[in-house]
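Presented below are the structures under discussion, each in the form of structure tokens.
Two complexes, one shared chain (subunit A), two partners (subunit B, subunit C).
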Partner chain A sequence: MKNLSFRVPLLVLLLALGACNGGDQSTSTEISHSVYRHSMDGAPNNLDPARSSNIYANFLVVNLYDTLYRYKYLARPYQLEPNLAENLPEISADGLTYTIRIKPDVYFIDDLAFPESKGRLVSAQDFVYSIKRHFDPQTRAQGAWLWQNRIVGLDDWKANGSDYKQEITGLRALDGRTIQIQLISPYPQLVHTLTQGFSAIVPREAVEYYGRELAIHPVGSGPYRLLSFNTAGAVMVRNSDFRQEPFSLENEGYDPASQSRYGLEHLEGLTPPFMDRIEVEFIGEDAARWNAFIAGELDFVKAPVSQFDQVLESRNPLVLKPELAENFHFQATLESGFVHTDFNMDDPRIGYHPNPETNARNKALRCAISKAFDWEKRNEIFYYGIGQVFPGIIPPVAPEFNPDQDRTSIIRDLKAARELLKSHGWTADKLPDLEIGFTSSVTERQMFEQFRSFMADIGYPRGKIHPLTFASYGDYAQAYLNREVMLMTIGWTMDYPDAENTIQLFYGPNATPGSNTANYNNEEFNRLFRDSSTMLASPARTEMYRKMNQIVIEDCVTISGISRKMILLWNRDIAMLPDRSFLGGHFFRFAGPGKANFKNRQEE
Partner chain B sequence: MKTPQALTLSRVFPANAFESDKGRGRVWSKLRRDKAGLLGLVIVTVFLLLSLGVLFGWLGQGWSIADGGRWEPMSVNHWLGTNLLGQDIFQRAVFSTRTAFEIGLAVSLLSTLLGALLGALAGWYNTKLGGNWVDGSILWLMGVLDSIPFYLFVAAVAYALQGWPWAMHVAMIVTFWTTTGRLVRAEVMRIKSRGFVLSSRAIGLPVPVILIRHVLPNTLHILLVQASMAFVAAIKTEVILSFLGLGVQDSVSWGMMLAESTQEVLAGHFNNFLTASFMLFILLLGFNLLADALQDAFDPRQASL
Partner chain C sequence: MRIILHNIIHGLLLILGVTLISFLLMVWFGPDQTYTLIGKNATASQIMEVRHELNYDQPFMRRYLDYLVELFTLDLGASNSSGEQVNSILRRTLPVSLALMLPGFIIGNLLGIVLGLIAAFRKGTWSDRLITGLSVTGMSISFLIIIIGLQVLLSTPYGLNLFPVRGWQVEDLSSYLAYVTVPTLSLILVTLGYNTRFYRAVFIEESSREHIRTARAFGASPATLMWRHVLKNSLVPITTRIMFSIPLVVISGSLLIESYFGIPGIGKVSFDAITSGDQPILKAVVGLTAVIFVLIQIATDFIYRLVDPRIS
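Let's look at the complex of A and B:
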């Protein structure tokens, strides 16, 4: 009896302890699933919207601040969606006047910058002020190019000393909630520019209170507010005052056929942001990022190409390894841009030459080099064979991309290349020395070596192809902007889903130091670009884009191109569809707990 | 016919042990008895022959040809497999021997020469006979260069001069000479009061002649050991700089192979990594063994052993 009397209370105690333990587990589940841990392969340069010039900064800025527009979360191709704006803009018949109303009762977060530290109402004047900042030299803003020579009076405002008291005819707040923008000439891409972090709305009080420290002390009205930020990562917590806008799958462009596997349905009707906390880690090193993800320290990773063998069961169709598929969702997505190798047309050894005969020979040489380039092998070696090679300068992600376009320019043809060289008198001893510019990273050096081996196949002597290396991308960019690089490989990420953004890379007046790094200048191309730049999206405009694309291909100005495919993996406990493209960081607000965890939370 | 003065000088004030046939014989005899040293000599000789083979175009000439598949395993066609581009790892490793010797020789010779000259000048002018500003200036320069963390300094110089094929060589020479310089300076300070030097001065020989003909030859034991150590350091530094992308420009080296292998190892391919590491390890081992043996052989304190 004595023994029994001792054992019963012990059993009760053990059961009680077990129950306590169970209670702890449910608490930790709730905590862990209200946090989303994101990884980035680079760090933001600045959290001041006017200076947030890299994609990593843009990712955070659109969560900390409001932009007037964003893209629909799930719709592909991308579709514009009002964010802080109430509706899509009212556009005048001549396409020159845009009227935008912002939503009522939207407040900036509480911050020391405001009287009594209480966030105030966001107004149309704040938008006007935020755009003006880009044209104030003191801001050292980096986004002015989006609106330069576009808005009536804005450039003059800058020329007259950037006095904020001075009104601008083309950029006005008609009342507390109405913005009016008047354009110098039609600018169909204007609304796209208002989705970007550069256009995010900043309160003047914060700029004046924090000065340069606004770079690390954001004060916005976005779905999250910043808790901490350093070179290793950022932590954002839910903005509890964020406007109540129930999540609608239909409105966000949900496609059940392709998206039901991501388990988003249970979030229908709930109010974003769904997560209490977003932890973003900036991990530049592929191996470290991947290992952290596999160890369960991160919820999301962009798989490094070197890991594709370990990640994919098959490439065609793309299938994830079963052991990974058990725990992770995956998506293979094309980048919103492309990689291309441009000839410097300003270099008489390979580009334009005053002598028409030499000019023709140079063109033949460029075309021969293009024909000798093996896109299939480049894709296979460096992009695991899953990148999408396409002819010309309109990448597949652009709505104007033509999937039926003639692919001759991207098919290797050594015979034709050799014939071109021969027919234009190019022999091994007469071929010019080629200098290929790149930053000295392992991959770029390997790409150079591969290029040299491609050229060896048409008899281009190895000793005539030289590397021109640069210690940093900044040095490299400086060199090609100074027209000092003969051949340069460049990756371009589109700012908005409109092929105008890539076509302008070859527009004559944009020659370096502008974005036309090839210094290409073709009258017919320029005329078509000018004519199309004021047109709204239409079949006629698409036709003009495609014609420009063909001109660039025929002039052999660039060896182009490939859009890389990204393999995105994320924890099955998180219900979301991540995006590294035009939507970018806007998807954070829609990242929610997976259905199983969501149920747990509801039951608890 | 020798002059009476010269006869007198060499007989009355013999230079150090290495100067005489007897001394040289003793050094060689000690070296021959040092088995580890001999092994080092054999290794270095083998690598030297490999690099000469590359130099004369007999070996490793296909290092840049990408005729294989990606990451092929070892085979008859590719003895050590291929890298990402399908290039033959064996050929690249062999060609890298030339890169290593080219850099090692250039850097060790020039840095030792620079160290010897500046060290000798500093040591010579350390007394009241000349002017102390020469010694002071050279010491100050050494101090400044030595105060900067070595790899940081080399990387900074290489970074600043990037694009120039000799950037890495210059970066290393600029930093390597100081150790040799300090040792030579101390040795010159010691031997400048020896009789044969005093006699040279007494007969009115100009300072450059004394330094070159009588003083520097007596520091040869230091220079040989320092040169061999600089050789090793140059190869190691090249590997590090190439790994960081600041090394060789239009060639291949073990450092570049190791840099390439960082991605390959992640994907489970180790041939590049193991080959470059092995070659580097063996050559450095050989040089270290040889340098140790040379040091022992020249060390007068071990003369009786």
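Let's look at the complex of A and C:
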């Protein structure tokens, strides 16, 4: 009765507006099983592979274009898999020459950019051209860092004016299908870089035809082609000419013990992409994203932290609420990255100081601050208590992570912190003013206040800890890349599954404006990094990584870290295993209708 | 003729003033996009390259003059973020924002006028108090709460589940109504209070004038008083309010509505441009808003003369 009395006037109002279109509406919220509707909590910045610098852009780019390699869909830990390449590369004994054959008969999609609008064969020259674009200032590319000072002649090509007619010794197409890359020194992560959207292959004709608008007119050879793209979302449709490569569970690294519940078996032997159409919605607002998912307008959602109470029955173990478990698959997965708060070592108030005594005092201060930081509370309040706190800079998702690492650096120890301050002459009046940088938002401000309360517990006066707020991330980045922020919190998403990608964040020569935002410069660390950077994955290299991790912990350069846990929910009618790790996105081609719907579709 | 010339010269000066001040703010206080466009591990020379590409290394006056040329030739360049031509962005998003905002704008104002009239004519009675009370209540509720509340109420299984939560796949009238209804209701709810209170004040002021008392003395019916004397004589402030709201409807759209309902209009594009410092888009939006304001000012002057012949 209560409900009825509430609904009647409302319905009258709606009818008066003439807007209620009952029958039609039901069709728009029902699931069409050849359509997969994905949601993202942000929007792509640009669909030109050379400028696809955020994870959201990468998701689309790797489906619209081809990359030479990708990761196996189901294998964990991640394993490289040829994509456009025929096989894994042939690597010379000295590790300097990579030879890669691409698959035959792969075509770009039909597009106005080509003569008679007919897509042409993808060639090795296209790959060479696509990498060269990163070193052409006109492109405003953002991926050059992956190959900078790595490939013979590439940096010189740029220095000589980026003339595309000029050949590069280290980056050549030996014939229509063979690529040869010559490195200056061994670069074990090279193949990983060839899985990323940055390395996707674009045809020169499209770049010349669309110019900067290539960003909204992708012309690739990937499993999907773009139908529409705007600030609210993108629609991709199946590329009907995509190469015929039957899906093999075994080849993709299927583990029946942990993955049989996702109902992927009926897709065995079929040819991806399985969905006719992929609709991707960019929904930054948590409430709107969740409402759309619950209303059945989306097939996938990364549950917002604010909804975890409504999603989870229990946190330990992680159990989904029964009413959701009935309709949705669920996966709790760690991000492939971490959040850390760096001290600016270039700031003499807290970092390096020419006077050895002050230098030692500063280190004691940094260590005291780290010891006073309460990771348990940070996790509990801001990450629902399900994030994984770990010591140092090698996050749990990295293959080189050490689960047995000493955890002292992440355990709050107020007594030790106070002793450190006392023994180094830090009294309340002598403690320096701390400036904590962050972008202006409620959550960031709350984190700042929490930090201030942690420090109050070791006698750090509240009045000496100041917020340094920035209106946008660009302003914040500008400030810390110009070394103007004393303490800064950074989230880092790994580009590939190799801890080198996080360790380089503390390598001296990468100091700002590079990604070493702490401006840390330790000779021993730098030496180990240089030595390990040319080594292939091995126990010896892992050992070196772990040593570097320990050095950073002992120098108290950063308060680190936490890997956030993501709760992914998706419709049981969709057979897939979604993945956001290492920029992600390749899984779209393997998303298929669930078994029941698949049968229906076959019958139709 | 003299008035038109005066308006045009006045308008041009206004455009120059608005563009100069806003460009100054963009350049000196707006976000520097360099740092969002550089890749990881950028070197100082790469940062300089990006700054050069963005024309940040040019003198301020040179950049401002380039801006004026772009504005007057309508060659607005391409977005620094997406690469799309600004003209194409405007062509794509402006019609969407118009289609989204117009129903709420029209219905909100019409309802505001009707409720304002009722409240003014029954000043001090329970119906006036009810309308005023509801208006204040509407004004006190956050726009965000209204949006989320209506979404849950009308578009999810927790409520009536009648409309799509978000999206804008408009193909015909029926789909248009499906997508526009909840945003329109939100817009009406949030603006109705302000509109009603504004129009009520206008009508009360008009009702207290001598000519209304005279009309009453002549025995004019309440309906005649309302429609013929009060409403007609209040058309100047009504016109002013409606006309000067138009640029906001056309250009600014509504960021919150577009974001929460997933509608690809100009509001979200403008907001993203402001937060990221995408100057080509910002320059276009600011410039166009100034131009539209000037055109509306000229049009409003004409309408004033139409509705009130005393204005010369």
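We take it that the second predicted complex is superposed on the first by the 572 of 604 C-alpha atoms of A that agree within 3 Å, B and C clash if a C-alpha of one lies under 4 Å from a C-alpha of the other, contacts with A are read in each partner's own complex, and residues count from 1 in each chain.
We take it that a contact is a pair of C-beta atoms (placed from the backbone, for glycine too) under 8 Å apart; a residue touches a chain by one contact, two chains touch by 3 or more.
None of these values were measured; they are calculated from a predicted model.
Asks: Return first, second, both or neither, reflecting whether A:471 touches subunit B, subunit C, both chains, or no partner chain.
Replies: In the superposition, A:471 contacts both subunit B and subunit C.
Asks: Touching A:446 in the superposition: subunit B (first), subunit C (second), both, neither?
Replies: first
Asks: Identify the partner contact of A:232: answer first if only subunit B is touched, second if only subunit C is, both if each is, neither if none is.
Replies: second
Asks: Looking at the overlay, does A:53 come into contact with subunit B only (first), subunit C only (second), both, or neither?
Replies: Touch partner of A:53: subunit C, not subunit B.
Asks: Per the contact definition in the header, classify A:294: touching subunit B only (first), subunit C only (second), both, or neither.
Replies: Only subunit C is touched by A:294; subunit B is not.
Asks: Per the overlay, which chain contacts more subunit A residues, subunit B or subunit C?
Replies: Looking at subunit B versus subunit C, the one contacting more residues of subunit A is C.
Asks: So in the superposed three-chain picture, is A:271 touching just subunit B, just subunit C, both, or none of them (first/second/both/neither)?
Replies: A:271 sits against neither subunit B nor subunit C.
Asks: Does the superposition put A:141 against subunit B (first), subunit C (second), both, or neither?
Replies: Second partner only, subunit C.
Asks: According to the stated criteria, A:185 is in contact with first (subunit B), second (subunit C), both, or neither; which is it?
Replies: neither
Asks: Intersection of subunit A residues contacting subunit B with those contacting subunit C?
Replies: The answer is residues 287, 471, 475 of subunit A.
Asks: With touch defined as at the start, can you tell me which subunit A residues reach subunit C in the complex?
Replies: 7, 10-11, 13-14, 17-22, 24-25, 28-29, 45-46, 48, 51, 53, 137-138, 140-145, 148, 212-216, 230-233, 281-285, 287-288, 291-292, 294-297, 471-475, 477-478, 481, 504, 510, 513-515
Asks: Over in the complex, which subunit C residues touch subunit A? Could you list them?
Replies: The touching residues are 31-44, 46-47, 49-50, 52-53, 78, 81-85, 88, 92-93, 107, 148, 151-158, 160-169, 174-175, 177-178, 180-181, 184-185, 258-264, 268-269, 272, 275-277.
Asks: Taking the complex as given, what residues does subunit B use to touch subunit A?
Replies: Going by the criterion above, the answer is residues 64-66, 70, 84-87, 159, 162-163, 245-246, 249-250, 256, 259-260, 262-264, 266-268.
Asks: Which bits of subunit A are touching subunit B when the two form their complex?
Replies: So the residues of subunit A in touch with subunit B come to 286-287, 290, 304, 306-307, 309-310, 380-381, 439-443, 445-446, 449-450, 452-453, 456, 462, 466-471, 475.
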